[in-house]
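These are the structures in question, set out in turn.
Shared between the two complexes below is chain A, which has chain B as its partner in the first and chain C in the second.
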Partner chain A sequence: MEYFVHTAIILNIYAILIVSAQLVIGHAKLISLGQGAIFGAGAYFMALSMIRLQIPFVPAIMIAIAGNALIGLLIAWPSARLKGDYFVLTTLGFQFIIFQLTYNLSSVTGGSDGLGGIPSPRWPGLSDESQPYFILSLSVFITALVFMLYYRLLRSDFGRNIRAMSDNELLYKASGRSVIKIKSQLISFSAATTALGSGLYAVYMNYLDPHAFNLDKSILILTGVMLGSLTRLRGALAGALIITLLPEVLRFAGLPAAQGASLRQIIFGAVLVGLMFFISWRRKKQNQTNNNE
Partner chain B sequence: MQELLIQILINGLVSGSAIALVALGFSLVYHTTRIFHITFAALYASGGYLFWYLSVGQQFDLASSLFIATLFPALLSLFLWLIIYKPLTNSGAEHNELMVASVGIMMIIIYLISLIMGDDPKLPSSALGKTLPARYLQLIVNIIVITVFLLITSTTRFGLRLRAFRDNPRLLGRLGINNFYLTGILFLLSGGIAGLSAGLSTNDLGISPFTGVHVFINAFIAVVAGGSGRISGAVAGGLFLGILQSAVVFLAGSEWILSLSFAVLIILMLVKPDGLTGLARREA
Partner chain C sequence: MNNPVLHISNLSKHFAISRKGMNMQRAEVLSSLHLIVERGQLNTILGSNGAGKTTLFNIISGFEECRRGEIMFYPAGRKPVNLLRLDASRRARAGIGRLLQGTSVFGNLNVEENILMAQKPVYAFGNLFDKTKHIAIEKKKIISKAADFLANTGMDYAQSRNRKAASLSAASQRLLAFAMLYVSEAELLLLDEPCSGIHHDQLPEIAEALRMLLSEQKTVLLIEHNLDFVSMVPGTCHYLSEGKIRESGTTEDIIFMYKSEQGC
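Coming up: the complex of A and B.
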């Protein structure tokens, strides 16, 4: 049962990360290799404000959201002004910069030893045994909130503007709107909702390790978005389900932990390549049927 | 003070020439195909590990280890182009899809390496650099290879085709020049340069699975800083970045190298978007 609760909490966290990444990668068509770092930045904001400033859960998560929104603006500042590959390069760069900050500023972040002793929020009068269930309910609640937010967002003017911009940037600009502005907004918004996942992760794990937010995590989130769906909310949930359960399946298949980690990454890599072949094959087929009609 | 400056300059030249060489290799593929070829990082790692395995594990001599470490990534690069990029491009894959596929291949290769060789950094054997210090060997080979390349691209027919291909691949095809072989050669050369550079650097500093990604970022920064579209720009950008980084190491410490190069890149991109050598960018 404990195992089930653990997997369910992780699933919720991934669902938040993936639905947030979907806005950037899927809707705005900006491939990001820095989602792991954004996730990490939020978790460190959360942990540091709870440990160093002794702030309770709710205001701390507000700080994490605000902090991440700023990080998002910081990433958007150069990259929204530049085209195509420079966005990937900038996010990849931020991935390493945030890792270096969390790893090297050891007096603040604990460095390679990690940051421990993050307090969990507690419901008054609840026993220790039911604490995991409380965190699970909290994470389900927050995840539902995030999904509802995105459901509303994508049907609002803002969502339509994002799709219009990603469909044809030049046309969007020609209709008198600012591409830089909307890119900054959406990157910042996505980072802010990622912080909710980070906050949950921080208070659930009670411990942060810089290595948990490395490039692998970014690629994992990218895989989740690609596997699920680029645009559908349901797809984000499906993507989260696959990337949460695949490692568990591999573990049950009896792989030793040491090789398991590498093998999992190899499988995710192969899945990404296979998926790209599938997508382009399907498009080609669609084009052919369209031409025949 | 003067000695310190000279030391910074020499270190900068060694790492700068190394970055310039990988930037050159990366730009061969990037400028012509416009693929965000992050698999380059994995090709680099494969060359480095092969070199380490041959020279330290199997006691091969320096020249033959370097040769095999150059040959293998070159062939791997060609092979990956044939089985991944080419079919994807043929079936009309978009820019983003090629990029994601490239990330996927990188993951597969890097984690295959770490599965086989382990995650720990591999250090060079001290016996190898006996005849010539590894650093100077690296500097000399880098300079020779870069010079030969620049001469080839600026004076020969092949170089002319290369530049024409970069400017307009379609037009070149219409003129009856075979794009297929040209692209194949580019991937072969690019992989070879990745392997050679990785071998030389492993001989000096050793290698770990993600070294390639750092090198890739440096190479990309150099290409952008140097100005897109020009192969000599990549070299200029690499030297600039290397000297800057070695100055940063003295001032702030090696752990901040990447962050500061990025800061410089971002400032440079905003101030001078066409790069140091300034040539108008072709739209992807």
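Coming up: the complex of A and C.
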């Protein structure tokens, strides 16, 4: 049972990460390779404010959200002026910068030893055995909150502006709106909601290792968005399901752990390649039917 | 008649083209261009391909940089501004509207959303929860105004409001783009070839749309190659050649001049 609770919590965390990344990658069409670093930054904000400042869970997660919103603005400051390949490389640069900071700033982040002793929030009067269930309910609650927020956001003027901007930047400017401004806002907003996933991760694992937030994590999140859906909210959930459950399925296939891990990456890669072919094939077909109309 | 909305003086623009070898060559596109656009009128610019018409529009809109010259814009009831000091989105907010060559609608947005993009931008996270009442009223106003406009040009708004703009025909997309300019607060509209890709039979609809823009007290600056269309909408006409406005006059005269220069 513990195993199912663990998987469900991880699933919720990935769902938050993927729905946040979806705003940048899917709706704004900005391929970001820095989502892992943003996830990590939020987790360190959370952990440090709980350990070093002795702040309880709710205010700590507020700090993580605010901190991540600032990190998002920092990333957006140079990268919002760029698009396409240049945007990808800038976010990749930030991925390396944030990883190196968490890895080498040992006096603050614990460096390669990691950062341990993050307290979990506790419901008064709840026994130790029920603690994982409490964390699970908390993560379901927060995930639902994040999804509801994105549901509203994508139907608001802000969501419409994001779609318009990614559709035609020149026309977007001609309508009197600033491309840099909306890109900064959306990258910052996405980073802020990522912090909710980071906060859950920190208090659930009680320990942070900088390697959990490296480029592999960014690519995993990107894969999750691509496999799920670029624009649909339930697609984000599907993406989280795939990247959480695929390793578990392979585990039960009876492969040794080391091979299972590499096989997982091969399968992700193959599925991604296949999916890209499928998308381009479908688009071609759609164009044909449009032309025939 | 001396009430300009736009006063362009001494505008020069060149592109650097690299040829074989290392030396860069300068291609002069505009050289000390002067143009005065009177308020509330239709001004058509004629000129051969590559004369710099679209470049001129891109400089006025701020899509292309230009440091030499001055473009004074006189918005009604507000202080005049030198457009060259503003970035593209600020120029649009100051009151410069633009119809892009080719597609000038957001293809992935539906018709209603496209019209709402013509609304003045609302900041502070773009009205995340749609709660502000006066914005909702403003939205309704804009949509009903656009629906009236589309009805006058022969397009049914109620039927097409939920359709993606990309799925509309070329003519409907163009009319939608006109509707967006019509409901926007822009005073000076730059229309870059509104008839390209439009069937000849549908030119009267586009002409009607243009007349409606003028009836809304908007000033229009038009680039168009289709002379049939240009003669449908008479106004002031300018002949752009060798980076300068060579001649200004009535549409009839300038079309005659243009035709004789082109040798047809």
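The definition used in the following text is that the second predicted complex is superposed on the first by the 289 of 293 C-alpha atoms of A that agree within 3 Å, B and C clash if a C-alpha of one lies under 4 Å from a C-alpha of the other, contacts with A are read in each partner's own complex, and residues count from 1 in each chain.
By our rule, contacts are C-beta pairs under 8 Å (C-beta built on N, C-alpha and C of every residue); 3 or more make two chains touch, one makes a residue touch a chain.
Since this is a predicted model, take the numbers as computed values, not measurements.
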item: Room on chain A for both chain B and chain C (clash or fit); value: fit
item: Spatial angle chain C-chain A-chain B, Cα centroids [nearest 10 degrees]; value: 80
item: Which of chain B and chain C A:176 touches, first, second, both or neither; value: second
item: Touching partner for A:276 - first (chain B), second (chain C), both, neither; value: first
item: Chain B versus chain C as contact partner of A:137, first or second or both or neither; value: neither
item: When both partners are placed on the shared chain, which of chain B and chain C touches more of chain A; value: B
item: Partner chain(s) touched by A:164 [first = chain B, second = chain C, both, neither]; value: second
item: Three-chain overlay, closest Cα atoms of chain B and chain C, distance in Å; value: 9
item: Chain B and chain C footprints on chain A, overlapping residues; value: none
item: Complex contact set, residues of chain C against chain A; value: 61-63, 87-90, 92-93, 97-98, 100, 103-109, 113, 116-118, 120-123, 125-130, 166-167, 180, 184
item: Residue ranges of chain A touching chain C (in the complex, touch as defined); value: 152-153, 156-158, 160-161, 163-164, 166-168, 170-179, 181-182, 185, 189, 290, 293
item: For the chain B and chain A complex, residues of the former touching the latter; value: 36, 84, 87-88, 91-101, 103-108, 110-112, 114-115, 210, 213-214, 217, 220-221, 224, 255-256, 258-259, 262, 265-266, 269-270, 273, 283-284
item: Chain B contact footprint on chain A (complex, rising order); value: 29, 31, 33, 78, 81-86, 88-90, 92-94, 96-97, 100-101, 103-104, 215, 219, 222, 226, 259, 262-263, 265-266, 268-273, 275-277, 279-281, 283-284, 287
